[in-house]
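Input: one structure, supplied below.
Chain lettering (A, B, C, D, E, F, G and H) follows the sequence in which the chains are written, and residue indices restart at 1 in each chain.
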Amino acid sequence: MRKLLMGNHAISVGATLSRVQVIAAYPITPQTQVVEMLSEIVADGKLNAEFIKVESEHSAMAACIGASTTGARAFTATSAQGLLLMHELLHWAAHGRLPIVMANVNRAVAPGWTIWTDQNDSLSQRDTGWIQFYVADNQEVLDTIILGYKLAEKVHLPVMVNLDAFVLSHTYEAVEVPDQEKVDAFLPPFNPEWKMDVKNPRAFGGLTSSDVYMEFQYNHHEAMEQSKKVIAETCGEFEKIFGRKYGLLEEYRMEDSEYVMVTSGTISKTSRIVVDELREKGVKIGILRVRTFRPFPGEEIAAALAGKKKAFVIDRNISYGKSGIFYDEIKGALYNKGMNLPLFGFVIGLGGRDVTPAHLHEIVDYGMKHDRPTEEIIWMGVKK
Amino acid sequence: MRKLLMGNHAISVGATLSRVQVIAAYPITPQTQVVEMLSEIVADGKLNAEFIKVESEHSAMAACIGASTTGARAFTATSAQGLLLMHELLHWAAHGRLPIVMANVNRAVAPGWTIWTDQNDSLSQRDTGWIQFYVADNQEVLDTIILGYKLAEKVHLPVMVNLDAFVLSHTYEAVEVPDQEKVDAFLPPFNPEWKMDVKNPRAFGGLTSSDVYMEFQYNHHEAMEQSKKVIAETCGEFEKIFGRKYGLLEEYRMEDSEYVMVTSGTISKTSRIVVDELREKGVKIGILRVRTFRPFPGEEIAAALAGKKKAFVIDRNISYGKSGIFYDEIKGALYNKGMNLPLFGFVIGLGGRDVTPAHLHEIVDYGMKHDRPTEEIIWMGVKK
Amino acid sequence: MNFKPGKKVVLEKLADYPLMPASLADMTHNFTGSWRNMRPVIDYDKCINCGTCWKFCPEPAIYIEDNKVNVNYYFCKGCGICVSECPKKCITFEEEGK
Amino acid sequence: MNFKPGKKVVLEKLADYPLMPASLADMTHNFTGSWRNMRPVIDYDKCINCGTCWKFCPEPAIYIEDNKVNVNYYFCKGCGICVSECPKKCITFEEEGK
Amino acid sequence: MIEIRLHGRGGQGTVVASKILADAIVMGGGYVQAFPEFGVERRGAPVVAYVRIDNKPINLKSKIYQPDHIVVLDPTLLQSVNVTDGLKEGGKVLVNSEKEPSEMQEKFGKSFKVMTVDATAIALEKRLGSKTSPIVNTAILGAIVKALNVTNMDLIIKAIEEGVPLKVEENVEAAKKAYTSLKGGE
Amino acid sequence: MIEIRLHGRGGQGTVVASKILADAIVMGGGYVQAFPEFGVERRGAPVVAYVRIDNKPINLKSKIYQPDHIVVLDPTLLQSVNVTDGLKEGGKVLVNSEKEPSEMQEKFGKSFKVMTVDATAIALEKRLGSKTSPIVNTAILGAIVKALNVTNMDLIIKAIEEGVPLKVEENVEAAKKAYTSLKGGE
Amino acid sequence: MTEKKPIKTTIPEHEVMKPGHLACQGCGASLAMRYATKAIEGEAMFTLPACCWSVIDGPFPYSSLGLPLLHMAFEAAGATASGIRAALNMLGQKKVKVIAWGGDGGTFDIGFQAISGAAERDEDILYICYDNEAYMNTGIQRSSATPYGAWTTTTPVKHFEKRPKKDMVEIMAAHKIPYVANVSVAYPEDFVKKVQKALSMEGFKFIHAFAPCPSGWKIKPEDTIKIAKLAVQSKIFPLYEVEYGVKYNLTVKVPNPVPVLDYLKLQGRFRHLTEEEINIIQKGTDENWDLLMKKLENK
Amino acid sequence: MTEKKPIKTTIPEHEVMKPGHLACQGCGASLAMRYATKAIEGEAMFTLPACCWSVIDGPFPYSSLGLPLLHMAFEAAGATASGIRAALNMLGQKKVKVIAWGGDGGTFDIGFQAISGAAERDEDILYICYDNEAYMNTGIQRSSATPYGAWTTTTPVKHFEKRPKKDMVEIMAAHKIPYVANVSVAYPEDFVKKVQKALSMEGFKFIHAFAPCPSGWKIKPEDTIKIAKLAVQSKIFPLYEVEYGVKYNLTVKVPNPVPVLDYLKLQGRFRHLTEEEINIIQKGTDENWDLLMKKLENK
């Protein structure tokens, strides 16, 4: 059924269709409609779930960890400061190998207080061991929640679905809402082998000495690496049932392209306008959207960029004292492939500064005019 | 005066000599001796400071932020879970441009509970906007606290000094303790221009719209970049007064080397044994120790590695679904220099698994035997 | 206190920015009178100078001057508290722009 | 309950590991008797079977069997609580290894 | 692509109006985005919402700077807000006002086409909201159908029926009445 | 480089002993590391501490697997802990015990040189600790000086004076007495 | 116009908080701040966790407060104030008062621990919580200050708030701090006096300020004061103070109490309540009042 | 040896907690767990924030508890237990009890907020705090449970603890939860009975267990029980319970109280105290007792 949903509603509908059993969440702009809508849905009896109205995001994640370890499908949603407050427990959920799914509305980080979008909140969680997706429209928001559970429960890792604040979270778009039966067919009930169980009592997470600790980290990383395959499989299944196609990456007019905009999130959509315009003018340019950031699809990116003339990586984020984060991580991937493609790194749109087609044209223009980047960050749209 | 100090004592002495005014800290193994010793020092009246015995690390950082914004020199120390619990406020201190200095004893992250060393705790804070140092002995611990304040107060950024759990924190080594007068000459009293002031009331950190937010991020990053120069300057001054030399990087037998071990923390010291042994056998090998991780000395690393045959990056950390973190960030730096040096990435010693000369020999052996790395991570010492 | 409308602060270039987001002015540039669609009007004939309206105005947009209470319409948001709390009912609420 | 010494669990290879650090056995392999440098010895002649020693042993290393209290020396850490709490003072503390 | 900006006050249902309009577009098989100004506006303060309409999927994710049309839900806003800011040459301005379009044309200049509807009167007639805060958004929607030509009354009515929680009938009637009483719409 | 491992019980001052020994080394101009076993051992449980001594700066930062010498502070440990684990061929084993070295030699085998000192008796004589928990670490230090030849009595005494908070004199005397009463030290 | 008697103000005339701020029409929270700042004699600094006031004060580069102010993370005000206090002590400014100002969410919920910690340490600060009984800044979600029966967006009508309001004043009194008090925007004189008293004492002081929110309570902006008065007169929000956890004192008597219904019926957030539920509220209110009376006697 | 009368046990004979665990000799915390687990009839799950018990239970791959147990971050037990509870409810295991078990630091300090939140929501869980009056797992640093006068490594003798112990039982009682109680390892029967009672009630229950720590209190391991008894007999640690925040009940009477000195003098951590300071402790103890007596009368 086609419905007009804002991104926050798409999250809530996705969680409902996934038949989550325990929700623990705390309100924060620009995520609030998620807690509000799910409160309603649960109060109306349309979803059989316990909604724990915790006193902080830290407790939200703790409750999800408790619930997931006990064998229930757990869900939360947050943004920015809330996500950061969970930080210790993000590591916990991941090392605990708990298939929690969380929606994070990408909002910039305070101080100063800000509620507008950029990716610093979630990207600064890149080392916590969570699978991370960055989505580009509200349909993908909904679908990725469902896909997320399927994936999480297969590889025993938590999944974070990131969407741009306001641009998706508060923007109404038409979304195809799948039937519950189809979702049920795709996503079986959660029934983990390792869980808190009165019949088989175990202690989870006890003191782990240096004799035994490292293997868990190895397994954690291996599960991440396996996820790449599982994502492909799961997306394949999803496409069969629902007819919509997703993957680690998304390509737009890439086949014969010489130049590539490497993007993530909603900027990827606006970039299509720019690419279409440039194509009209004969510029062979395409878009490589990085949909999956953890596990990092380094091989796949290198393959997609192989043979291209130049690539322009667009980061709506920054690692202070380094560079844009997608940019840095992609360089790492290309280095080992012995690739020598000129790769430009642009930082744009921090704190919700709007990214228009004009800005994106400017980026392409810059890249076209320069042989190689001379700086680690090319700043776009900063007052000087 | 030469004194036998464990790393945690070196921290405390460094803070005392820096005449910190507000300490807010919370105990955690393996940092506890810091809070204990500073409690004593303050109780004995040997340091005129307020010690706030907060109820959590989160509050420790909050108190430091309050104190620093009000114009006092603030200090804290923590480790692992404590550092992670501060996460939201790490961003806060950095964006607030507060010159707080914090010692972090590198301990692996739970679950399972662990108290042993690796760098995942602090490296997973790499995007919070803090300056980060990784030190290799207890002398450097003490010196870097003092240097840290000098630097922090010049560039208006917080500084994190990281040391390995137990290997430094609990190991007694002889340390040259500088005279207070010399430290006073090096480090003038803290007197910031921007601070909470009843004579000139301002609001700090108010809502910052997308019209004005991004420039602060630009300035933050620029301050990081400037820090490189300021570190060089400050270390120069320090050397003049105290006779000990530090920098962004540290080189060992690098001049004529063909092969390079790229290290951080105490592994760098053990590596010297291996390098000395290999040199005996005629292998031209040296060590490049990355002492400063933020700002990331990409240029400097590229310069140091230029013309070498191979380099072996040793990471006591991992970004799950990516690779060792030093490894990844170095690849980024070399990529833009158009360098093609075979760079191998090893992950070793997680959760305190001991790193012996034998392991390091194994790493060099592996690197010597292979032309190019075929994997993003070469795991060392994992049971298979 | 009768607050005068203040000035906007414009940050056109990097050099205009403070080190961190620290405030540089108060909010009196903000014409909150534009929020109003009802306007409180005091009938001084009935007013007994009790000060109640002044006391309860949340902006504050009522000030004491010349031994009377006065509404500062640049700031008054038209909440109606003064209208409702005046013990003499001598403040009326009129439609804005009529 | 008289607990028998348990077995160590050895994780030699990756395949021996559980998915996350979940316990696979109890701690009864741990010979805490080695912590002891004093050994409680019960004088059954004086003992009145009040059960106090059993009640207060923190390990627990005292068990009830054959209608008497017994010390399990594999686990007894030699804290001396039983010695100190026995109302009949019929537990003596002897130096270990003498 | 048609881009519309709606002006109202915090608490007045401006965003709801944009959402119902978007709903109607979707029901008609079109593509649409509806979104509020991304801010922290408080009750009473001027607020803005946007609708972007196209007959193919909309890739553009940036804000709207040069709207094709403007809708003003609260006439008192005209005193403090420059509602035609960025409005394209030839754009339409639909104002909730008892006045004739001609009385307003001067204020806006010649390059825009002004239309009015007395949505406040209609809302009060249908007992939507109170005198000091009438709820005019459904009335405005009816006027939009007539004025901006982006959807039709059947769809708007369906969208209102699904989109308002209370007094459904009154709201529908308000829309209908506004549709017929729009001034300057020809 | 000389590497020493000390065995004691949690709460017995084993780590303090290693620290005082290290202090003496530093005072003598040597290079040293002293560190505990990195664990969570509780009062009563067997614990271990290490000292690494050299005449040049020590780069080695890994643990000690093959010590040159072993020091045992609590004789009851011998029943449960394999104290000579990893001990180098020809290494020395210094045990706090009233027994003669010859009585113990068998237990350890021929490849190690066994020495004993009745540190418990000395501690009790100097009223250091109680009967059930005597504090033997300073006595052991005196014996170490004689037995292991890594520092001298003057330095150890100075280190003890700076390193113990209470009963300084008694501790120094204990060390001295142990120094002279070491058995098997020649 | 005849000659008027001079206006005699019952609270300090000087305005610290400036107009132009961003509060909604008729906001109780802005009024609370107006009173609190009037009570300050001498110098003071504020810290503010996230709450409506983070917005009310105005965006960068503006501020309406007129006093030094540190905006801080939502959960951190208690500890931040401790840090400011320590710094001022070290900088020779012991006399400058430190005030933390938070909403009920930042106080009862996410920031509670830092407050409890500061109270336990008896830090010399004043914590003022303006209570609008929900998370308003994010659009009316329940907090643990939300009273039984109330609608919020997370306690929808079909599942309205079922837990009683967390009793922060009693919880803080159990911390045995020097001073705890209830104040209300409808009783400015009592409000100002208590803030002044608190500021004159050393150690940790906690003031809980009743501050209706027209937007969140679904009330008319002009009813803010009326409703706040009814809360006191219906005994729902007694105005009392507690010293050192034991000395109770009722500062505003309620000789002619009104039924809670009078208070409830003006508010949209209670519209759905049935008689039965209103009786529950009346009963709970009476019980709490009786308990309070006992404590007043014990003093 | 003559024929003995049979041993009659006053607490359940069945052992849930197994030996071989890592507690120090004479550890009160291990004894507390032994009693608590004996009291469980039916099935239960535990969650544990960081504390000595994280070590006592044994390292991976071992566990001494004998019940499902989730080790959790230091500050998170209250919320974690809520999550477990919710999951069990959804999985049709409503009858399985959920118990959170934390030290005083994890309860009074860093984990307090999550507990207060769970209490406010009236989650159906039992929270047991074993109180050894400092952070022991990290080597004896002060917590807000550390009593006035005590030495710890962060309150050195020259600057011993100056704040009174935070009154958690009263603070939790002020949350008006179904059940709050003090228990002591020296009174196993009372201990077990209260845990049983708590487990039989619905909603949030809080039990505060006095558990001496030989290593941290500088006492002889064999004195653990003696000292715990003296704490009760000197009125320092009264054994009482509170239902719904109002119904007080003293479960162990103290007909012949002893001076606090008897309690203090056995402990190294109080060795430095002068008579004056001991008098302060005596006075505070008497005042608290009187207050408690008043509350007992009010019930």
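Rule of thumb we're sticking to: a contact is a pair of C-beta atoms (placed from the backbone, for glycine too) under 8 Å apart; a residue touches a chain by one contact, two chains touch by 3 or more.
What you see is a predicted model; the values in this text were computed from it and never measured.
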Any chain in contact with subunit G as well as subunit H: A, B
Contact-richer chain pair [B-C vs B-F]: B-F
Farthest-lying chain, centroid of Cα atoms versus that of subunit H: E
Distance between the centres, which are taken as Cα means, of subunit F and subunit D, whole angstrom: 30
Length of the line joining the C-alpha centres of subunit E and subunit H, rounded to whole Å: 63
Between subunit D and subunit B, distance of the C-alpha-averaged centres to the nearest whole Å: 46
Distance between the centres, which are taken as Cα means, of subunit F and subunit A, whole angstrom: 57
Set of subunit H residues in contact with two or more other chains: 22-23, 25, 27, 54-55, 57-58, 60-63, 66, 69, 71, 73, 75, 108-110, 112-113, 116-117, 120-121, 144, 214, 221
Interface hub residues of subunit D, defined as touching at least two other chains: 11, 14, 18, 20-24, 31-32, 35, 77-79
Overlap residues in subunit F, where contacts from two or more other chains coincide: 38, 40, 44-45
Of subunit A, residues touching subunit C in the complex: 111-112, 382-384
Of all residues in subunit D, those that touch subunit A in their complex: 11, 14, 17-24
Residue numbers on subunit A that touch subunit E, as the complex places them: 2-4, 6, 30, 115-116, 164-167, 170-174, 266-267, 269-270, 272-273, 352, 354-357
Contact footprint of subunit H on subunit A as seen in their complex: 21-22, 24, 48-50, 52-56, 58-60, 62-72, 74, 88-89, 92, 196-198, 201-209, 212
Contact set on subunit F toward subunit B in their complex: 18-19, 22-23, 26, 31-36, 38, 40, 58-63, 65
